[in-house]
């Protein structure tokens, strides 16, 4: 039995008559977590505050990624592509025409974008929708294959998007990337979106939709034999997952203020992969917690990469150390606890 | 029983799959040159027992003595080298190899000159295989695949052959042939441990039998006696 | 054997196979198979492994498309319908090697099936609402009251079905941890949850002892009567087949070699030669 | 466009394609036996390159010796990787996707480890003089490196073919690929065969790495990614698991890449994207690649 059902049964037992609590205990818990993190974020220095924002962004992307990979069991390797699409689209929409003129020195920016400037929320949503749409388009052909092959196709798509980001200069400014993106991603925005994403996908996972997706993950042939249009539902999961990753990407762009193809390489996918594996495939709350842990660990390890000077002790900078640590972590996780730190069973993905 | 030499002796065997305790302390003896049957319902732990003897399952406890030697810690290939082999449930021929290649793979551990002779023996037992020796094993019918699986096991020149449900899913007419072959193998001096759901047929040809239920042996005796046992009749012979 | 001609308009028949051929690569798996299944009967399909029985099931349920030939269901040509669409019109099945949603609970295994738009009638009682996938995905995500209301209802229905098949005590077990016989039952229950008119059972008695098998015979008759079903079953256990089936078809090497009442099959010379070996 | 230009392009294409083919064969071997997409294959190739680099530069070994020795040492690296990372998964019977994820982890591990130990700065590979010779037929140039790649590639592939299709070990390999447990019942020491497979695959990677380095003599810890990915595309294109497929796929991808650059200079920057598009379309039309065998799930 999953955690949602377990907690719900517990609450129904403790408060047999409080129907509101039966239904909305999740919402209440998430809002409390949100308020606490907002409160903490507002009372710490800027370094920690930025770290909280970054965690929140990773939470959004991770739960989105987990929805298609863990819940629906469709293993893809291209969240970097959707993050990139969300980021570029949203950034192009919020940057002022003057900034764009200054930034695009190689070629002027493509037609509609040279005039447009939209509010942050709308730009973010459009970024998410653009990512969702691209996920939908790539999903149509991709879901004709399964398993390893699906992973390969999506990996290929991630690379294609990266090549495009590097070369479609009039839209992406090539390898130089976009500079001067307004720093709109505040603590409130990031946490708000994170709470919304977790809440939304968590409920969806524990609804009939989630059950259908899980049944596809467990046994595609049996799912089809119970009347499920497997292809359509896979596509749905993939598209929705793309939407949330795109939202994450949009927020990421307005957090970094400078984006380039370098930000959205396979490296980003690798990070998200570790997060959802730590959190447990299929566990939405697990990947949210894992995202926070991962981001903090990642930033703390950065200190080692840059070298430490404590009194007379000098530890020289060790570039690449973080990735060694995380790669070992990933391998060890797969060998010793493939269900993730928070999952309670190995999800069967063939 | 006492006058015959014990070839395979299983003592207090346990098998676990994670938290599930599939085989709970099974002991039995297989004397040389006999046909011994284990009957029982699906999920009773029969297949797990055979796999544990061949060391194909990891989590197990207990002692398996073959030909006077403790083989419970040996690798599967070492057990096969000692002359004990298993014809797995569901045949499991290699569909991408030809019939001949399947048979030769059965003789993987051997380098002697007599492989050819044994091949002829298998072809003599199963003339159908000779006709189809260059066909991919995947194109054979169910009965032919079962014959191939038995023939392949014979190619390692085993002294003791364990067979897991050799009659499963075969036409009744083929089932009869398979049981005839098993009798013929005993005449050749092989020792046979049979696991069957087709209890009636199996008991008819065996010397001694064990009944397994939920991981334990609940009944044992001469096959003829079991055929007349009320409990066996009710639960397994229908 | 004599030729059978299909009349798609005959209301007594629920399923009609019309000269079905299927080839995989160069191999002919089914050769000109033609037969009809009467409404409400229990129809047995026997033959050795590799004779094409499961292939035939796969053609009826739409997993494979026949190379040539047609499939009629309730008077309609369904040859081109996809597998999941055939479930919607009332064809449901179980599998030879049980295919449950292993990591989901027993209850979830049943609940998953309640998703189609049209589910009018369900066995002995009528389902109270037509649209059984009642909320949109975003309503679930936003956790609107409608979502909770229907979730609770789905649970209630699934439990009701579990009660019928006698699995209600196991509702929160992981499907894969159920004992073998119960897994078979759950798979049948899941197939019933789609509200079928035609139920296909692929070796339902595999791995059961005679006692369980005779219980299964009773169960098959019971669900046929209660749910108003037509049942086709593949089985090797001759006792079960002869005991429960009203008509039997025998396949050998992809060909239909006999069709008739159990008595006729038992004494059919060709069947004895190719399959049974001796009369039983 | 004159004929010698086209001939030159074809030669260049074959030269690159032969490299891809050689790497792809290694990919395909491991996949063919244990159904694992060894994502880290390109990085194993990088390891082989660095071993050859140190053998040539520090030990001043003659190149044939360095080539063979690097192949053997890298082979053992491959066996080690399998024993540490993949074997525990196999023993547990983990889902295939878990294997793939682990392979991604191994790939990142090898890259980052070499960055930590050797730094990320590219180094010049000491190309033996013999490979710098060039032949000229009319206006078409062929370098010794190209000829060596083709010859050594042919030798490797022939040896491999012999092993897989003519020996007992090869028979066991093909058996393992379909049924692990039953192969054990044949008396095959499955672990040893798999180690041997990894040894062969990794040694091939080292040889192809050496050949890569004499044609593109700048080596760094990330050098394995691009050729690894391309060879991977080639292997899938040809039908992963099939040795012939890998060779044909490698050649086609190599020639296509050179042709795109040569004949469609506007699209040159997009060549990697186009290669992937081809892969995607191949998989859609024939999901198992050109020569891949069908692995259909039985219902």
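As written, the chains take the letters A, B, C and D, and residue 1 is the first residue of each chain.
Methods note: a contact is a pair of C-beta atoms (placed from the backbone, for glycine too) under 8 Å apart; a residue touches a chain by one contact, two chains touch by 3 or more.
Predicted, not measured: the structure shown is a model, and the values here were computed from it.
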Going only through chains that touch each other, how many steps at minimum separate chain A from chain D? 1
Count the C-beta contact pairs for A-C and for B-C, then tell me which is higher. A-C
Work out the mean Cα position per chain and let me know which chain is farthest from chain A. B
Rounded to the nearest whole Å, what is the centre-to-centre distance of chain A and chain C, using the mean of the C-alpha atoms as each centre? 42
Distance in whole angstrom between the CA centres of chain B and chain C is 33
Approximate Å spacing (C-alpha centroids) for the pair chain B, chain D: 43
Quick one: chain A and chain B, Cα centre-to-centre, how many Å? 53
Identify all positions of chain A at which a residue touches two or more other chains, and write them in rising order. 221, 348
Chain C: positions in contact with at least two other chains: 63, 95
Where chain D touches two or more other chains, by residue: 299
Residue ranges of chain A in contact with chain D within the complex: 75, 77, 141-142, 144-145, 147-149, 151-153, 156-157, 159-160, 163-164, 166-167, 221, 270, 273, 277, 318-324, 326-328, 330-331, 334-335, 338, 346, 348-350
In their shared complex, at which residues does chain C touch chain B? 27, 47-50, 177, 179-180, 206-214, 236, 238-239, 253, 273-278, 280
Contacts from chain B onto chain C in the complex sit at residues 20, 41-43, 139, 141-143, 169-176, 197, 234-238
Along chain A, where are the residues that touch chain C in the complex? 1, 5, 22-24, 26-27, 199-201, 203-204, 207-212, 214-215, 218-219, 221-230, 236, 240, 345, 347-348
Okay, in this complex, where on chain B does chain D touch? 54, 56, 58, 75-77, 80-81, 85-86, 88, 92, 94-97, 101, 104-106, 108-109, 152-153, 156
